[in-house]
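For reference, chains read A, B, C and D in written order, and residue numbers begin at 1 within each chain.
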Amino acid sequence: MPAPADFEAFREIAEQVNNWGRWGDDDEIGTLNLITPEGVREAAATVRSGRRLSLALPLQQQGVQSGLIPGRTNPLHTMTALNWEMFGPGAVATSDDTVTMGLQAATHWDGLGHVSHGNRIYNNRPADAALTAHEGALRSGIEKPGPVLGRGVLLDVARARGVGRLPPGHVVTPDDLDAAQELARTRVRAGDIVLVRTGQIQLYLGGDREAYAFPSPGLSLHTPAWFHARDVAAVADDTLTFEVFPPEIDGLFLPVHALDLVEMGMMQGQNWNLEALAADCAEDGRYAFLLSAPPEPFTGGVGAPVVPVAVK
Amino acid sequence: MPAPADFEAFREIAEQVNNWGRWGDDDEIGTLNLITPEGVREAAATVRSGRRLSLALPLQQQGVQSGLIPGRTNPLHTMTALNWEMFGPGAVATSDDTVTMGLQAATHWDGLGHVSHGNRIYNNRPADAALTAHEGALRSGIEKPGPVLGRGVLLDVARARGVGRLPPGHVVTPDDLDAAQELARTRVRAGDIVLVRTGQIQLYLGGDREAYAFPSPGLSLHTPAWFHARDVAAVADDTLTFEVFPPEIDGLFLPVHALDLVEMGMMQGQNWNLEALAADCAEDGRYAFLLSAPPEPFTGGVGAPVVPVAVK
Amino acid sequence: MPAPADFEAFREIAEQVNNWGRWGDDDEIGTLNLITPEGVREAAATVRSGRRLSLALPLQQQGVQSGLIPGRTNPLHTMTALNWEMFGPGAVATSDDTVTMGLQAATHWDGLGHVSHGNRIYNNRPADAALTAHEGALRSGIEKPGPVLGRGVLLDVARARGVGRLPPGHVVTPDDLDAAQELARTRVRAGDIVLVRTGQIQLYLGGDREAYAFPSPGLSLHTPAWFHARDVAAVADDTLTFEVFPPEIDGLFLPVHALDLVEMGMMQGQNWNLEALAADCAEDGRYAFLLSAPPEPFTGGVGAPVVPVAVK
Amino acid sequence: MPAPADFEAFREIAEQVNNWGRWGDDDEIGTLNLITPEGVREAAATVRSGRRLSLALPLQQQGVQSGLIPGRTNPLHTMTALNWEMFGPGAVATSDDTVTMGLQAATHWDGLGHVSHGNRIYNNRPADAALTAHEGALRSGIEKPGPVLGRGVLLDVARARGVGRLPPGHVVTPDDLDAAQELARTRVRAGDIVLVRTGQIQLYLGGDREAYAFPSPGLSLHTPAWFHARDVAAVADDTLTFEVFPPEIDGLFLPVHALDLVEMGMMQGQNWNLEALAADCAEDGRYAFLLSAPPEPFTGGVGAPVVPVAVK
């Protein structure tokens, strides 16, 4: 199996977008450093209607995982107490519950420790030392980003291309992003959190999780350079694989993951439900908003559920 | 064991604060209805510095649960893949993880299904029908509230009372809330999310989770009327039990839970880390802020983890 | 939906096989009472070759559960430590692991609390009192049977009927059991643990768990009377559903479960891999053996994994 | 931290007891090879009374784990269905349950992959290749032993030394084993499964799991040679740590684990409840019996729960 670095196209982009050392050798959060207090103030200033939209899928056994990704289980929710009169008959009764789930099972962020190549994770750290079975990610764990919140911009590629949903296998290119930015009538800028809509999640919402999973439209390996040029803080989309799958180049698997997470140090969001947000943006013509999307801070996690909230 | 309704004090307050039917017989979210678009706009307008603060504890095995609450387990985080070259040697390697945890184990919201009394949950629904072993809460599940976000107000009772931390067993009274509101130089109003600081969580942060758990300062059974009078949307504090424990009245367990969750239909937050926020508010004298605190939407959940983010 | 008791066929058999009160009102283990020390001695005396055979499927993510039975998850096995030098570099390294699984996910026993009808479990106990969300089965929990061990008899129905595997939907009748007993050249007697082979598990072993699950050959609602007449202690087979599925009588679901578990108080085993045992028995012509099959004693469990071992 | 091989005492014993290559380079089960069909027949022949005794602790939240061993959680048992009328009102109702637990949380076998030293597990395999995060133990996984069953011998050291329970920290020496063998009036021979009783588990049974855990009596690093000389197949005892803890030699942690599991390839059992068995043996004077103790076959597991059954 060739390594990513065996592909010249990959090597060139990797060199171009690499952020190792940019925020110091101790940095563990990468492009999230690009969110500034000023950017947060500007994000708050985008709020006009006071409408709030959640971009999270419900967490349930009938989630998006179809068994294709080994070990990534949908939430198994069970009750540990049910109207339990802990203090005696007649007293206040309590109900409690517990869950087992893959941290990347539903609407989630990929942490920077989620992938490595050439035994390296972000900031040139050896993957075999940074990632441990006992404690998970010792560096760039998902507890490190903290309160991810800033200006969100929706790039509705499907709408910009005049379709309700991009076809399976559609490669979302920089041209697609340009077209969607045009539609959005705003310019993506430093510290923005960019949401890319393909419409693919309609398949899951319609009941077909196998079709949702694969084949999938998704981001091209040329998009990291687009994001890098604009100093984007993080990117999320509405697919299971984030990048197009099957991949663009034969034998080169997960190049976008490697470029975003390892080279740039930029978190990726997957399985975000952008449908209601897209409808709202289409209606009022405003594609920028305040976005709050802090990952659940699992110590050592390489990914985490998130409930993204857009405020317009 | 006497029922809550056997206590006259409880009955009187329950009658006073009851919200059943107020938002219609079908309502499942109670006082969250009090958050309005206008309130959200005002919340966004409080943002001045652009500082963001997370109020969530890290999710880890060494969490706040000490075993006292049966079945409420701290997060058990394990790796299902570790630098796994799924696509062959040399290819991009992935790491994945999974978790088992009590939904109310760490920084969380109590959903309206968490407690019942007299076989009733919020809005006069029979508890034994609304709560099921197989599907959890059929009504008022924690997936219903959606994007909880609005104006947050910190009532720093410890600071208002001139101490770093309220003593174990201290009953937080309406007078205490008045004093903290005075300190905050804002008036709590309809739709606010109120955060009450006791300082108790310092014990956990200092390494003593047994002392943190019990005995604990916490809210008095007279505080629901205070919140009700101001049409507060939700309340959270920095303790394990939320209300004072052991209880104020001998034999009357969890009266505040019963009044807030069942009678008013008002969510409660527990184990919120308010220390950094309190320091920030003390420094700039501003105790109101934008607060985003959507619960993880577990279908049928009676509680859920949350990563509250305050923006100032 | 008609109740089982609405069917005359069911009512008649239920009356015939009912064991409530037979071993006293406090009894929780039913027909396991029929295993006697003398029977155990006779079982030990069947051992001649010293060959040991495990009848358990491996416990793994790719187990027999295909998602059809809600919440019954295949084992999710993860490492909590991996070559971890807990005591410092160079010291002995330890590895540890954890699992989440449905107790009835793989080779298992149904406990007597697994099903109820007319709100009754075995020995006339109200199901809604005996089974609780917080503590599971307060009566007839799977920790009660203890060391299930006695004489096992293989009834190889497939072989007796001259096929390698019974066709999907084949109803295993008392005649089938008679034919298999004939083949076995032994008479089933009081205290025996009977293993009924259909061959269905070959489908799972061959990689097709959907076909394994459904439609399935299995026991007829007339077999409980056959087992009752012989005072069998327990019965297991090599299918997911134990009884034939879809059911024999339209609208009468799980009648065998109701008769065996509720009326007789007889545990049922499912997903037992009888292939190697059947080959061994066919070769030496001996179908009786020592069988050890204690359920994992989960307190309050309504089922449990088991590693049945036959010794010949 | 010195490595085990830095201690001369360890090196000498390791050389003496090493079994690498003894059953071929492909062997994964070590001393279990010593159980022969003839031995099994002899074990069956020890059965006289037909009494059966389970040596397993109940699996429950209040188990032996006190939190000292990171990630090794007591069983968390929850219901996924509770009297659920899956097929409609009135139909047969089912209850189902699920569990999350450390595989070595309760009465269990250590698999041969549980520890390594010098990056080696049993049979000279590199630990870092044999043990993986994604699939667990690729070699010597706990699914490999299969139907562990043979002659069991109880060595009741506590009784032989005239006490009900050995004191905390008592080092069980070869002399102790000799004395217990004398008491047992049988000679330990090739293929036997030896159970060593200290009485320590009385502390857990009496409600004090902290005292049970530590300090603990247990086996000396000189006992592996005793077992090796007799070609014992496996050894279990009634403590949490198996070997004496704190250790005999300052700075040499888990030497018995390293000698038994890595050098000899001999499984170890822990948390076995030997109390009832000991009473029975003392009463009839017979310390040898048929023992069935197959580990739950978790694919890739480094340990597994077991329900040991002794038949006398």
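Keep in mind that, in the parts below, a contact is a pair of C-beta atoms (placed from the backbone, for glycine too) under 8 Å apart; a residue touches a chain by one contact, two chains touch by 3 or more.
Just so it is clear, the structure is predicted and the values come from calculations on it, not from any experiment.
> So using the touch definition from the top, which pair is joined by more C-beta contacts, A-B or A-D?
Output for the comparison: A-B.
> Taking shared residue numbers divided by all residue numbers at the interface, is the value for subunit B and subunit C over half (same) or under half (different)?
Same-residue interface.
> As a quick test, compute the distance in whole Å between the mean CA positions of subunit A and subunit D.
Distance between chain centres, rounded to whole Å: 45 Å.
> State, to the nearest whole Å, the distance from the C-alpha centre of subunit A to the C-alpha centre of subunit B.
27
> Any chance you could list the residues of subunit C touching two or more other chains?
Subunit C, residues with two or more chain partners: 70-71, 73, 76, 78-83, 95, 98, 100, 132-134.
> Select the category (line, ring, star, complete, other) that matches the graph of chains linked by touching.
Complete.
> State the interface residues of subunit A toward subunit D in the complex, per the touch definition above.
Where subunit A meets subunit D, its residues are 70-71, 76, 78-80, 82, 98, 100, 133-134.
> Using the touch definition from the top, list the residues of subunit A that touch subunit B in their complex.
Residues in contact with subunit B: 1-4, 6, 36-41, 44-45, 47-54, 56-60, 69-73, 75, 77, 79-83, 85-104, 113-117, 119, 127-128, 131-133, 136-137, 143, 146-147, 149, 253-255, 257-258, 290, 292, 294-303, 305, 307, 309, 311.
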